[in-house]
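First subunit A sits with subunit B, and in the next complex the same chain sits with subunit C.
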Partner chain A sequence: MSASLRAVVVGTLAVLLRLSREGMVLRALAWPGLLAAVALVGTASVVAAFGGREQIEPHVALSAEEVAIMGPSLDEVGLTVRLDPDPTTAVQEGRAERAAWREGEGWVLSARDAGVHSLRAEMVLREEAGASWRPVVAPEPPAGKAATAQAGRMGALVAVLFVLYGVVMGAGLAWRDRGEGVVEASLPLPVPAWTHGASRVLGLGIALGGGLWLTILLLHGLIGMERPSAWAGHGALGAAVSAAVGLATTGGAGAQKKGFSAGLSRAMVLVAGLLGLGFGLPWVGAWLPVASLAAAGAGPWSPVADVVVVLLSALSLAACAGWWGRHHGGLGR
Partner chain B sequence: MKRLRPSRLLSVARRELVRSAAGRRGWRFFAVAMFLLLPVSALRLPSRDTPPTPVVAGEAPAALQDAVVVQERAPVTVGEADGVVTVEARGIAPALRQVLEKRLEAGSPAVRLELHPRGLTLPSRALFVALLAISLLTGPLAETLPGEREGRTMEVLLSTSLSRGEIVVGKWLAWTASASFTALVAGFGGMVTGAIAPGPWVVAMPAALGVAVALGLWLVRGAADLVGGAAAPMRVLPVVAVVGVGVAWGLGNQATLLGAAVPLGGALLVASGLVPGVLPVLAAVGGSLLASGGLLWATTRSLDRQGVKPRARDGGYVGTLVLGGLGWWLAVAGPATFVLGGAEDLPAPLDASLVAGGVLIGATAVVALLREGRMPDLCPPRRVPQALIRGLMVGVALSATELGLGSVAGPAWALPLRVRLELALMPAIVGTGAAVAVAVGSELFFRGFLHRRLGLVGTAVAWAVVVMPMDPVRGVLSGLALGLLQQRLGLLAPLAAHLAWVFFIGKLQVGGGEWVDLALVGLACVLAALRAGPKADG
Partner chain C sequence: MLLAEDLHRAFQDPDRGTVDAVVGIGFEVRAGEIYALLGPNGAGKTTTLRMLATLLRPDRGRVLVDGIDAKRDPLGARAKLAYVPAEAGLEPQLRALEAVELFARIQGVKQPRQRAQALLEELGAGALAGATCGTLSTGQKRRVVLARALVHDPPVLLLDEPTDGLDVPGRRDVLGLVRRLAAEGRAVLLSSHIMGEVEAVATRAGVVARGQLVAEGTLDELREIAGERDLSEVFVKLTGDGSAPA
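Presenting the complex of A and B:
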């Protein structure tokens, strides 16, 4: 192993050790997973303890003479018939969720929503009226699939949060190391300056990627998630790249003069822009680091895109590490 | 806060803005904020004048063919039976309904659908502008007290005749005014394009930002530098803001003024335009002022106590025990709460739950050990065979006992919890990965980390409480056996024992009732307690 490579490995381990001793970093990494899991389990426990909201029995309000005609058919499709003196105002005045009355040869169906129960009522009414078309209620899709899709969205949100963490942690590490003299003390070592940047980028990437992976694992174990590896993979790469961007903006030329907030906000705008690109133009974002995370929701895309994202991420990490080294973490010109 | 002199407050505020945002830096901040806020506040969403062409699956009848797009996986299937067109769906979109009524019923439908949706009003964009403006406070808040500490200017500030209250309130004033100005400019931009209507948000937005800045100052009161100062507000402020809106909305459904008075959330709710009237605005401003005052007072008190260099706090082993135990319980037993809540068909994969539990508890231990800088003794090289054999024997003895020795039956509703916790004791049934993760993770946590802090008995009790709460007698005894192995032979022995336990459980049960089980666990303890022989180093 060459000296530079060994320096990167040792430096990465040192960064990881330092990060593990930062209470702030640990809290930041543990916070999203624990908060989401505690909120989910807490909500389920409250529902279990106090019971869900009582469901309103699906019904249709009818006048006395119409009950005789439509009552049995509505009952057959699982709708209760409610007798109402004036069905035409029953829904508007809040006496019923849906109501029906005759109008000429046909019917009027008044309802709060056009959901499944209204569709069922319409089916019966259209049959009675001998209409040329009628709705048929399609079978309910399996609940599990919808739940895993929702959980997948939660995974995407958590991954986006880790990407934003990456910016703050990268910028923070560069700023703090320069302020505390760590950069000044390490530069005289007989290794190329870029190795210091590389070890910081890799250390941050591993810490953020590990934290995200654990969070996704916890949420997947809790509620079952659609494509957990996609969120963990694209999220970890995105977090590493955003950490590198944060490191480069606060560890580049003249960064000290510009201040911490200026570097942080520039990195934040770049990363937010990439995420926006992924959401807005997913077929473009699927090929770019950070943006690929936002685009993953519209995917899955071709495996070639994943390979390109990995390569571009590696290039970005190398470029940011090189940039940091060239400007000696902000100490140089 | 002893004295708050207006001239000094303004002086501190001016210095704060000059220090953090003078000249081009200030303009850069403003430009970045506008770049993010203006699209949210001012861009108008495109609207469709003509409805989209409906997409259906199945065989569209001739009358519909040129009015719909047929796609194989569409959620609506169109067909024909006995001369009647059928539309199979879980809901019919207005565009499709319009086509059906026009093409099949010549515009006079046999059943006319009248919808009267409940009055669900969407929040105004001013809410999103306010939430984004709150998120943008991260950088400036990091520059306040932490920036002073990092720049070594806190000593100078504290030694001047300025009171602590004047320092804190002056900084609050500076950033509340700056953030309010930026958010209001974005809001007025929205008014120009017609995306935001004039309303109480003009008053509520600064009130919300005032509480957010006060909360941010309180959050960064202990941060020693910019990085520490940036991390807490970034994590906490958006969550508190969103939760605050939820709480205010929930309370507002019961009593409007009560909801509006919720600090931060009430002001955001008023800014969203969901709560009309003058009184809610007054309640929101009042609640925000009170909350800001309280937070600023707490920050001032804290500044006096902490002075220049705050003392770093460490959660210690109790914090690690709580964190590891919580992670384990959330992953392993958490899905059972969904069953209790009535969502029985949630597809929480058991293998992923157990892997997550094992990895989380193991990762907690690894981080705690790294923080201590002291790794547990794995095993002296010459004792490796002895550790493996002894571990195997203890593991086999433990696996031969049956579940339920002195077990707590618990109430009937707790059955799903009990089932999952018991499955965590036999993870090999679920998968090899789960078994290895559970065994390695829990040994790293209990024997690797906690044993040194809590001792043999304390760790055994903690093990029983976290991992085997339904089977406490066997839990404590097995914890003692594994702990004794760790004391005699290092971490490798309990690791081997636990792996043997999870892989052999259910295969070697001897039966015979509780007394036999007790004897077997006792045997495991005795085997573990045997002396290890001469030390490797002599």
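Presenting the complex of A and C:
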């Protein structure tokens, strides 16, 4: 193994070890997944406990005799049939959200609301009674499809959060290492200066990418998500690139004079600009790291764009490491 | 062992324009010698040290580290020297043993963990191996930093204000260590503005003022040049600095 490669590997492991001992970093990485999981489980519990059952299982109360006539038709439009000894009082007495019974040649529908499920029940009853007109309600899309699209948006939000983490953690690491003399102490080692920048970017990228992957996997396991690997992959690359941006804007000798917030705000503006580019010009943003997260909302990622984003991310990281070498290289320049 | 020839370095200052930090400094530090670079704050000591450590590129001049031209082969020169900056520069989250081992691994030292442990024990810091660097005192940090610097057994040692911030026992211990390292055949260059410690350890000294080497020699030779017995008076006279040295 060459000295440079060895320095990058050892340096990356050291950065990971340091990050693993930072309580704030660990909490920041674990928090989004835990918070989302607790919120989801809590919401589901509240819905199940307080009258949300109707949302989950729309139904119509029928007597045993009427079930044989209407049951299959109601079932076809997604309404569950509930047996009730007296459907005429079921809604009034709170045993059901809606109920139906025969009256002469026709049917009566009693409902607590006039929503889409009641309209579906009316459609079936009018058809059965041979009425002169009936409403037609379009079938609902498969329940899973809508939910996974929503979960995909959640994946995007989590990925953007990790991108912002990247900026803050990269800037913070560079700032502290400069202020505490860690950079000054490690530069006289007989390896090129860029290896120190590269190991910091890689260490942060692995920590942030790992945290994002775990969060996305947790959310995907709980609610199912469209393109979980794409959110995790593009998010991890975006987080690594934003960490590199943070390192570059606060790691230089000149940056110390201007203060931490000046470097951090420059990094934030750059990353926010990339995200804005992704939203505003998705056809451009789809090909850039960080921006690809925002651009993906406009359409599916293509394998070609994925490859370009990976390559551009690698180039950005190499540029950051090279910048580190130029600014800290001493005689090596 | 360590040769500096006609070193020049200027900086751009937004208020003062071009500032000549080092102007034609040159000296030699031989094996087994402790050479003290004396001078008031801002005289150019640290800039000189950073050029010797290959952290700064001299505008002019040459540095030879154990025969290796630092300008032509900076990585080769770095392999032959250890630079200990005034600030400890230890990663606060790492344990002392890990901090030393990290440098040993980057340097490609065989059996890095054993080497790190042995060095810490040799420098009287064996008991600190498991302690987190962020919790160490200044003196303890200095020992760990020295262990880290020596991990690849360099023939040249550059120490920038090695006793800065240390209490009296800590200062005595570190100076004892420096003497021992020189006795082992290393060339030691230390920068300082504390006359007492220079008198205690230095074989020769160079006095730096306004970026120039204004006098050089053994301490007795410097006394003779200045015509003063007290080293503090020697310092004031040679540097033309009214501020009293420690």
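Following the convention adopted for this analysis, the second predicted complex is superposed on the first by the 242 of 333 C-alpha atoms of A that agree within 3 Å, B and C clash if a C-alpha of one lies under 4 Å from a C-alpha of the other, contacts with A are read in each partner's own complex, and residues count from 1 in each chain.
Assume a residue touches a chain if its C-beta (ideal position, glycine included) is under 8 Å from a C-beta of that chain, and two chains touch if they have at least 3 such contacts.
These figures come from a predicted structure and were not determined experimentally.
Of the two partner chains placed by superposition, subunit B and subunit C are both touched by A:21. Contacts of A:168 after superposition on the shared chain: subunit B is touched, whereas subunit C is not. Judged by the number of subunit A residues each one touches, B leads among subunit B and subunit C. In the superposed model, A:181 lies in contact with subunit C only, and not with subunit B. When the two complexes are overlaid on their common chain A, residue A:7 makes contact with subunit C while staying clear of subunit B. Once chain A of one complex is fitted onto chain A of the other, the partner contacts of A:118 are limited to subunit B, with no touch recorded for subunit C. Once the two complexes are laid over each other on the shared chain, residue contacts for A:37 go to subunit B alone; subunit C is not touched.
Using the contact criterion defined above for the overlaid structures, shared-chain residue A:192 touches subunit C, although it does not reach subunit B.
Of the two partner chains placed by superposition, only subunit B is touched by A:135; subunit C is not. When the two complexes are laid over each other on chain A, subunit A has residues 17, 21 in contact with both subunit B and subunit C. For subunit B in complex with subunit A, the residues that touch the partner chain are 20, 25, 28-29, 32, 35-36, 75, 77, 84-92, 100, 104-105, 108-118, 138-140, 142-143, 147, 150, 225-228, 230-232, 234-235, 239, 312-315, 323, 326-327, 330-331, 334-335, 337-338, 340-343, 345-349, 352-357, 359-360, 363, 367, 370-371, 413. If you check the complex, the residues on subunit C that touch subunit A are 50, 53-57, 70-71, 74-79, 81-94, 98, 102-103, 105-108, 132, 145, 148.
Per the touch definition, subunit A reaches subunit C in the complex via residues 3, 6-7, 10-11, 14, 17-18, 21-22, 177, 180-192, 328, 330-333. For subunit A in complex with subunit B, the residues that touch the partner chain are 17, 20-21, 23-28, 30-31, 34-35, 37-38, 40-41, 43-45, 47-48, 52, 91-92, 103, 105-116, 118-119, 122, 125-126, 129-138, 140, 142-144, 147-148, 164-165, 168, 171-173, 175-176, 179, 210, 214, 217-218, 220-224, 228, 258-262, 264-266, 268-269, 272.
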